[in-house]
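First the structure, which I've put down as structure tokens, then a few questions once you've had a look.
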Amino acid sequence: MKTLTHVDERGEDPRMVDVSGKTVTDRTAHAQARVLFPRDIAQTLSDAGFMTKKGAVLTVAQIAGVMGVKATSQLIPLCHPLSLNGCRVEITMEGDEAVIDCRVSCQGKTGVEMEALTGASVAALTIYDMCKALSHDMVIREVKLMGKAGGKRDFLRIEA
Amino acid sequence: MKTLTHVDERGEDPRMVDVSGKTVTDRTAHAQARVLFPRDIAQTLSDAGFMTKKGAVLTVAQIAGVMGVKATSQLIPLCHPLSLNGCRVEITMEGDEAVIDCRVSCQGKTGVEMEALTGASVAALTIYDMCKALSHDMVIREVKLMGKAGGKRDFLRIEA
Amino acid sequence: MKTLTHVDERGEDPRMVDVSGKTVTDRTAHAQARVLFPRDIAQTLSDAGFMTKKGAVLTVAQIAGVMGVKATSQLIPLCHPLSLNGCRVEITMEGDEAVIDCRVSCQGKTGVEMEALTGASVAALTIYDMCKALSHDMVIREVKLMGKAGGKRDFLRIEA
Amino acid sequence: MKTLTHVDERGEDPRMVDVSGKTVTDRTAHAQARVLFPRDIAQTLSDAGFMTKKGAVLTVAQIAGVMGVKATSQLIPLCHPLSLNGCRVEITMEGDEAVIDCRVSCQGKTGVEMEALTGASVAALTIYDMCKALSHDMVIREVKLMGKAGGKRDFLRIEA
Amino acid sequence: MKTLTHVDERGEDPRMVDVSGKTVTDRTAHAQARVLFPRDIAQTLSDAGFMTKKGAVLTVAQIAGVMGVKATSQLIPLCHPLSLNGCRVEITMEGDEAVIDCRVSCQGKTGVEMEALTGASVAALTIYDMCKALSHDMVIREVKLMGKAGGKRDFLRIEA
Amino acid sequence: MKTLTHVDERGEDPRMVDVSGKTVTDRTAHAQARVLFPRDIAQTLSDAGFMTKKGAVLTVAQIAGVMGVKATSQLIPLCHPLSLNGCRVEITMEGDEAVIDCRVSCQGKTGVEMEALTGASVAALTIYDMCKALSHDMVIREVKLMGKAGGKRDFLRIEA
């Protein structure tokens, strides 16, 4: 059974937090997204070398992911615009899931975790778009931060 | 145990599929994303009326979701640009999860499921951004299509 | 003496209003912005043929205005994206003021008044940018709708 | 009576002025825009807690303002793209006017006055959009720079 | 010997031409761009299957071309924004040249030749970017319209 | 006679190359594009002072070029986003050709040659757009890098 929390918002103005006082450091972040295919669709895609009538599913998704990383501050309202040092999106199949790993680095005053998460999300959405003629039963099953370094507090996800 | 599928892509050129021959119809789509908070963070946010130092979490996320819907064809490489009739992003709390429902309508030759999925994803990413000073243990747990209508084949997700 | 109204926002979700039921008509809108220069700056600009070290002030502003019109739905969160039939930005000097008239037309289900207002605003901001090396005492004195036609209710501003 | 100045533009090429030789400093700017409502509309909005069928007027405008700040160099043709340290948009009611204060900070070679002015303008346009179903007699009455610091010449507007 | 034409521009305001009176038709356009590689670079790329340390040259270029098509009205100041029916970018090698063919279709009041030319140009620029670690002696040798249909006057390029 | 090279792409993931280890230097680049007009069109344009019904051809193209420079990292998938110090687009007529020179400078870890090439291309495309009502026989005849400085290897094109 579900409970519906009443939401009462007020008080603070939305703001891009001031980072004037923070120091410039080398920062990295790694996010992961997973797209779960129905069993038969995963098989069909695998048999076809992940090629659909729209083209090469995984390559298009990788490129979309990199471009998504660059679009982050335009999509997330209170996210700082920043320069990037590098970005890589890798996609592998684990059983019936496409696993997207997006790694981003920058030299700046704020972290790049939103960039990594956004890149992984856009790559996942693109996989969906490339394959949706086959099925709408695909699910983007998880988007999460795996790790970040270079800021005040590092983070590393521990999974069982 | 996991198996790694070898991916060999070749053959088809990437393309925006030609919809010249399709008829213009009224189309709707509904996508849902879920952001799972650690128990104590959910409590903290609830106590604070979902207000953080960056502002009103859910309202900022709703607006980001609507703007994300409008940015879809710029993010998803082979997605058609199209006009929209309307768009609504609702967010409710179910236990420790923020549930984002994004509904989009248009009159056109292609469906708006990618728009709905993108809007839900951007709203989820924005919730993450608004709350990440509290924890990085949040997870965007699911992004999926709930239903679509008006195209060649309607879709309605059946959940247990 | 000023009174500060307390603002208590809650209730409605932000939404792009659904226009599915509206009919497609030819629509036009006309907005005007005015940039007031300090007297001596107006004279300096006039003497220089409105040419600064950044280039031709008014031409750059006109082009920025047209491009601003096209960016409207990306800037105004709940504004519908739409196709345009035409757009023209004219700028004339009236005394010490640059008067920007932005006219937009489309065939669609929603009006183009936000497009006209945004185009006029962006042109005014561009004039400011082109001239700000001379002075920061310029003021964008007014941005307002002069008229619109083709929707449920026409509008024509009556000025004394 | 009005005089129409003849404009004859020629000579200089439009250019993004070279700032290679300038030093990197902490810079801030503050701009203000004012939206004047007809008396009865101001009352209606106030009674409704500034909530219209499109949602929470002022919150949507604040967020649009922050995103407008980030879009500045894409809107103003000869404006430098730059990183930002922070940004805040506040809106208060003074009588029948919504007063928008947009403050921006960066560390760079150029000032952020265009960013502040653009953010204030986009917030004002968004207020217009959120309320235009009530009236088109609203006027964006003023957009002006209130102050800037950190560059070659500071600026502080003195008002009576 | 070269002659330098004096350019004296004045008179007409820049405008997005009004197409209100034009009829909606099915329109297509085909543009071509050619990237000429130095002989040894063409050989190196061919030997490597057009794979560089940045990834698959031609696939990345194709996708960039399709996204460039969709960005046309944001890049070309007086170009109409429009919906698209389809788009395809093909790249083949002819001797030492990469030949990019970009085909676009829409149903609208204006042609899509600028979209096709922009898509071909962005694909060519992307090939350059993917290969520039090898040489800067590449040249985008030609960007031209090959044909268009559906407007007032069709066009078909005749080449010797 | 032409030979068609078979393209077999695989292996490397597309990536934005990591420049974390590179040093920040002052960098400049100069690119050139040429638009060849049919003889009679060149004459018509020259007689009209390069003014068409869409406005001042060369000024609009210059501004589009500068804005194109700023859009580079959004258009070229694996290009780094970066700050710019300055940008200038000059256009001169040489016989029947419009010659576009785009010069860009930045202080950063990567060069600005893609920015210069993109700016020159967008200016060339804009000239085409401004003049296409006269003829479609125009050709963007060449887009090439003329020089770059400030990186690991400088480049200067030597032409006969």
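Should a chain be cited, it is by its letter among A, B, C, D, E and F, assigned in written order, with residues numbered from 1 in that chain.
The rule is simple: contacts are C-beta pairs under 8 Å (C-beta built on N, C-alpha and C of every residue); 3 or more make two chains touch, one makes a residue touch a chain.
For clarity, every value in this text was computed on a predicted model and none was experimentally measured.
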Rotation angle (°) superposing Cα atoms of chain A on chain E, nearest 5: 180
Recurring contact interface, reference D-F, options C-F, A-D or C-D [over half identical by residue number]: A-D
Whole-Å gap between the CA centroids of chain B and chain D: 31
Rounded Å distance, chain A centre to chain B centre (Cα mean): 13
Where chain D touches two or more other chains at once, by residue number: 8-10, 13-15, 17, 55-56, 59-60, 62-64, 67, 71, 74, 77-78, 83
Contacting residues of chain A [partner chain E, same complex]: 55-56, 59-60, 62-64, 67
Sites on chain D touched by chain A in the complex: 26, 59, 62-63, 66-67, 69-71, 83-90, 105, 107
Interface residues, chain B side, partner chain A - complex: 2-5, 7-15, 17, 46, 49-60, 63-64, 67-68, 71, 74-79, 91-95, 113-114, 117-118, 121-122, 124-126, 128-130, 132, 136, 138-145, 148, 155, 157
Contact set on chain E toward chain C in their complex: 13-20, 73-74, 77-78, 80-83, 108-109
